[in-house]
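Take a look at these structures.
Presented sequentially are two complexes of chain A, the first with chain B as partner and the second with chain C.
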Partner chain A sequence: MDGKRKESSLVKWLLIDISALFLGVMLLLPLGIVIWQSFKQGIAVYMKAVTDKYTVSAVLLTIEATVTAVIVNTVFGLFAAWCITKFKFKGKKLISTLIDIPVTVSPVIAGLMFMLLYGKQSALYPYLQKMHISVVFAVPGIIIATVFVTFPFISRELIPVLETHGTDEEEAAALMGAGGFTIFRKVTFPHIKWALLYGIVLCTARAMGEFGAVSILSGHLRGKTNTLPLHIEILFNEFQYVPAFAVSSILVAMAVMILVLRSVIEAVARR
Partner chain B sequence: MYVELKNINKTYGDYKASDNINFSIEKGKLIGLLGPSGSGKTTILRMIAGLETPDSGDIIIDGEIVNNIPASKRGIGFVFQNYALFRYMTVYDNIAFGLKVQKADKKYIDDKVNELMKLTALEGLGKRYPSQLSGGQRQRVAFARALAPNPHLLLLDEPFAAIDAKVRQELRSWLKEMIEKLGITSIFVTHDQDEAIEVADEIIITNKGRIEQKGSPVNVYQNPETSFVASFFGQPSTIDDYMSFHSFEDVSGIEKAIIRPEFVKVSKKDEVQRFKSSASEGVIESIAFRGANIELKIKVNDTHIIAKRGLDEKEVHVGEKVDIFIYRLFVTKGNEVRLLENKSLVDDSLVI
Partner chain C sequence: MRKKKNKRVIPGFGISLGVTLTMLGFMVIIPMAALIIYTSKMSFSEFVNVITGKRVLSAFYVSIITAFTASLINAVMGLIIAWVLVRYNFPGKRIMDGMIELPFALPTAVAGMALTYLTTDNGVIGSFFSKFGIHIAYTRIGITVALIFVGIPFVVRSVQPVLEKLDGSYEEAADVLGAKRMTIFFKIIFPELKPALFTGFGLAFGRCLGEYGSVVFIAGNKPYYTEIAPLVIMSRLQEFDYTAATSIALVMLVISFVILFINSMIQARNTRIVTGRQ
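For the complex of A and B:
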């Protein structure tokens, strides 16, 4: 009995140690190195890299793409989750499978898809030109790619919550004469509030870090179509290690902020 | 007639949940919709409320066909099987919801909610959330919430199903009183026959998507019109060969006979019996104490029947041989049913 307990506590600590070691090597060490490297040549060099005009425009573009993706996907996610859980219709399975495509398809392929759809070789291209819309190698392309890559995140958070929630409360509200919007605001929204916020956080994190699809559509025009991850890659390829790490630290800081936000949301929602 | 259903059909996939339903209800009556699980009770209620659309047929409320009127415009109060209280609203806000939707005056809402909380004995619980209430309290909140917008028809789907036996009993009589006091036409669903008999002014019996019978509790209990209804009430014992019991008319083509416990007289061998010559011998297989009486399972003529004996009668034991006399029984042929009296009773009255 006692031996058994000792053994299980040994196993427990062994497992905990392995996990901690793994986390350390895989996560904390690299992150620490990013921070350390970016400050290696002193604060002044760091500040110079961070306040560089191209860095600032990359930060702004990243924020622009992220905010747009979050807004579009919040609206889309709410509608999709609502339709899938509240209505019965043909093709429901298909739609709910389609929603997952962006997470299963590699972002590079997503980028290529949009390239083919909006690029020079596309049948749409002449019309887009006529309307003076450029998608490829321009900001709209970056935004489209970001939206595409992140679009399952919010609906995927909402669907399970709405499914377990059922439709009774909504029916009860409808029977008392409430309209669709009132029902959503008063009955459904309080229920999905935390899941929605959580989905938004995930979506934001993913949108900020998006590299593959954006990389193909961006064309790497400095100061125009470079997002933070792309900017970091360019700096790195130009052997400007300190600026590359400095800019990375911005992205890390943003990610950490999102993580903290996530933990706060989880803690509050559990109460 | 206040509520009328005419030739209502409803299928889910290829399952007929409502099969040509016809019935009508008078204003102010409390109607019990009674039937086994899956017989289509909830479906009927949901169609009346407008939460489900019939495939064909008309639903008429207060002289108006409501088929194309959405649920939100029908002015019907509905108490759900699981209450469906708004869990992110307080008791007060739950009850006030319907009135707020109607954009009623603030003062009016406050008065009305307080009046209803008083009526349903929920005073002081206004600030609680549904998760902080007992089952019985939740039931009453659901009831108050449904009543707040002054519906002219109240539908209740198994209002007592989720409540334990003792509280249920209290709530039953409470609900009946309440509905009588308010004079609101109500339909409640139940699969509990005692509940229906006790509470309803009239009972509608459903089975496999059809209406089997409609009538007063006494009437459906005593004069079943179909074999289903005959075998639904009480604790029926079904036997194949009723002629093995003495002194019954031999009706041709009978498939089964149904015997209720109150149709059976169980006598000990040494007790004085009026109809000893028409009795059959049986053996007591098990005895169960049921509070007000004793329930016996008796093997007789190769079948089992359930019978009762009063607590004031002499004790019987498992394995004891007893005499069984059957006063009357229901015989069924297809869906038809007939009551047969024991002939020795008839002869007896002739002699006198």
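For the complex of A and C:
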């Protein structure tokens, strides 16, 4: 028995070490290299890269796209989750499938779809031009692409929670004469607030980092249609490594914050 | 009809369905329709011509082979990590658990760039391997490395909940009956984990096939060698060759829907296991 336990603890530490090594090399080392490289030439160079005019405009555009994505998808998530979990109707399964499409298609294909819809060869294009709206190679395109790739992120968190929760409480409230909004605010919302917050965090993470779809629709106009990830790509391809890593460090900081927030929300929600 | 109406006690069906369908229409249905309409305007021979082009075929080959290898490695490592996180206690366990989602939180472009920097022949990792004649960045190995990064969370997060729910009494019984640890693992634990493992593998594979952001840096994008399918779509779009881009996209869509379909079948079985089968 004793010998066996020893062998078991050997296996245990071997497996732990393999996991730690794998995650260390694959996850921590890339993070470390970003931080290390961005401060390699001192804080002054770092600050200069981060406060560069193009960086600032990229940050602002990224924030704009991310905030829009969060707002749109929260509205959609709440309505879709309510509709899918509180009622029985035909075509529910189809709606659920359609909601999940944005995460199953490659971002590059998503970009292509919007290119075909709003681009020059589209039937819509003359009308858009008449109204002086440009989507492709402009800010609206970037925002639409960001909303698309994060579309199901919030509804996907809400639906399972509401599904396990059932409809009894809402029915009781409705029979006692409560209005729709009151039911939502007093009965449903307390159950989903953590899931909602969780969804918002995930949505933020994905929105700020979207690359493929945004890259197709952006046209890479510096200072105009460059988001942070696109700005990083340009810097890197111009061999401006220190600025590229410095700008990346903003996103790394955001990513770490998101991970911490995620764990906190999970811990609180579990309680 | 009236009976049905009476059944809906909870208010808000009309408005929630309306908002859902409207938003779904603008964000998903109309863009999908644009793709379908554009496809219907293409001739079939055009489609076949693009798809069977040598450069496109080799891009598909590179995409599939690298995504498959990366997902396979992730399946093995994900199983080990999930096992370690569920079964063992050790310092730093919570941090390790929280770290798993990093690939979801870190923008793929940043990851791709950092991995490229690490694995070029002058990089920290690359210089080590180049001594043995192994080059990582700008080769298919590099693509695989980037895809491993992207796919890490999928297998871990699929296997973990199943492993947590696993009833320990069968293992104990086997142990009492004198089975070796290896036998217990492969005969009792592994069969229970298999569906979750496949699900995780499928999710990672699907994600890796479509991945662009992290690969574009590390691949070097040499035609016939390190050019993946999403990259070909991208370069066709830059040449405004929408027909070719759409054709390639269609094939990718079909592949990812097939993966999704297989996955959802496995998942249906998996859910039954997680939610407890009596």
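Keep in mind that, in the parts below, the second predicted complex is superposed on the first by the 271 of 271 C-alpha atoms of A that agree within 3 Å, B and C clash if a C-alpha of one lies under 4 Å from a C-alpha of the other, contacts with A are read in each partner's own complex, and residues count from 1 in each chain.
Throughout what follows, contacts are C-beta pairs under 8 Å (C-beta built on N, C-alpha and C of every residue); 3 or more make two chains touch, one makes a residue touch a chain.
Note that the coordinates shown come from a computational prediction; the quantities given were computed from them, not determined experimentally.
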{"item": "Partner chain in contact with A:168 - chain B first, chain C second, else both or neither", "value": "first"}
{"item": "A:153 touches, of chain B and chain C: first, second, both or neither?", "value": "neither"}
{"item": "Partner chain in contact with A:190 - chain B first, chain C second, else both or neither", "value": "first"}
{"item": "Touching partner for A:179 - first (chain B), second (chain C), both, neither", "value": "both"}
{"item": "Partner chain in contact with A:20 - chain B first, chain C second, else both or neither", "value": "second"}
{"item": "Per-residue touch tally on chain A - higher for chain B or for chain C", "value": "C"}
{"item": "Touching partner for A:46 - first (chain B), second (chain C), both, neither", "value": "neither"}
{"item": "Chain B and chain C footprints on chain A, overlapping residues", "value": "171, 174-175, 179"}
{"item": "Chain A residues touching chain B - in the complex, by the definition given at the top", "value": "168-169, 171-179, 182, 186-187, 190-191"}
{"item": "Chain A partner contacts - residues on chain C that touch it in the complex", "value": "7-13, 15-17, 19-21, 23-24, 27-32, 34-35, 38, 77, 80-81, 83-85, 88, 90, 92, 94, 96-111, 113-115, 117-118, 124-125, 148-149, 152, 181, 206, 209-213, 216-217, 230, 233-234, 237, 242, 245-246, 249, 252-253, 256-257, 260"}
{"item": "Contact set on chain A toward chain C in their complex", "value": "7-8, 11-12, 15-16, 18-20, 22-23, 25-31, 33-34, 37, 72, 75-76, 79-80, 82-84, 86-89, 95, 98-99, 101-102, 104-117, 119, 121-122, 144, 147-148, 151, 167, 170-171, 174-175, 179-180, 183-184, 202, 205-206, 208-212, 215-216, 228-230, 232-233, 236, 241, 244-245, 248, 251-252, 254-256, 258-260, 262-263"}
{"item": "In the complex with chain A, residue positions of chain B that touch it", "value": "49-51, 70-78, 80, 82, 84-89, 97-98, 101-102, 145, 148-149"}
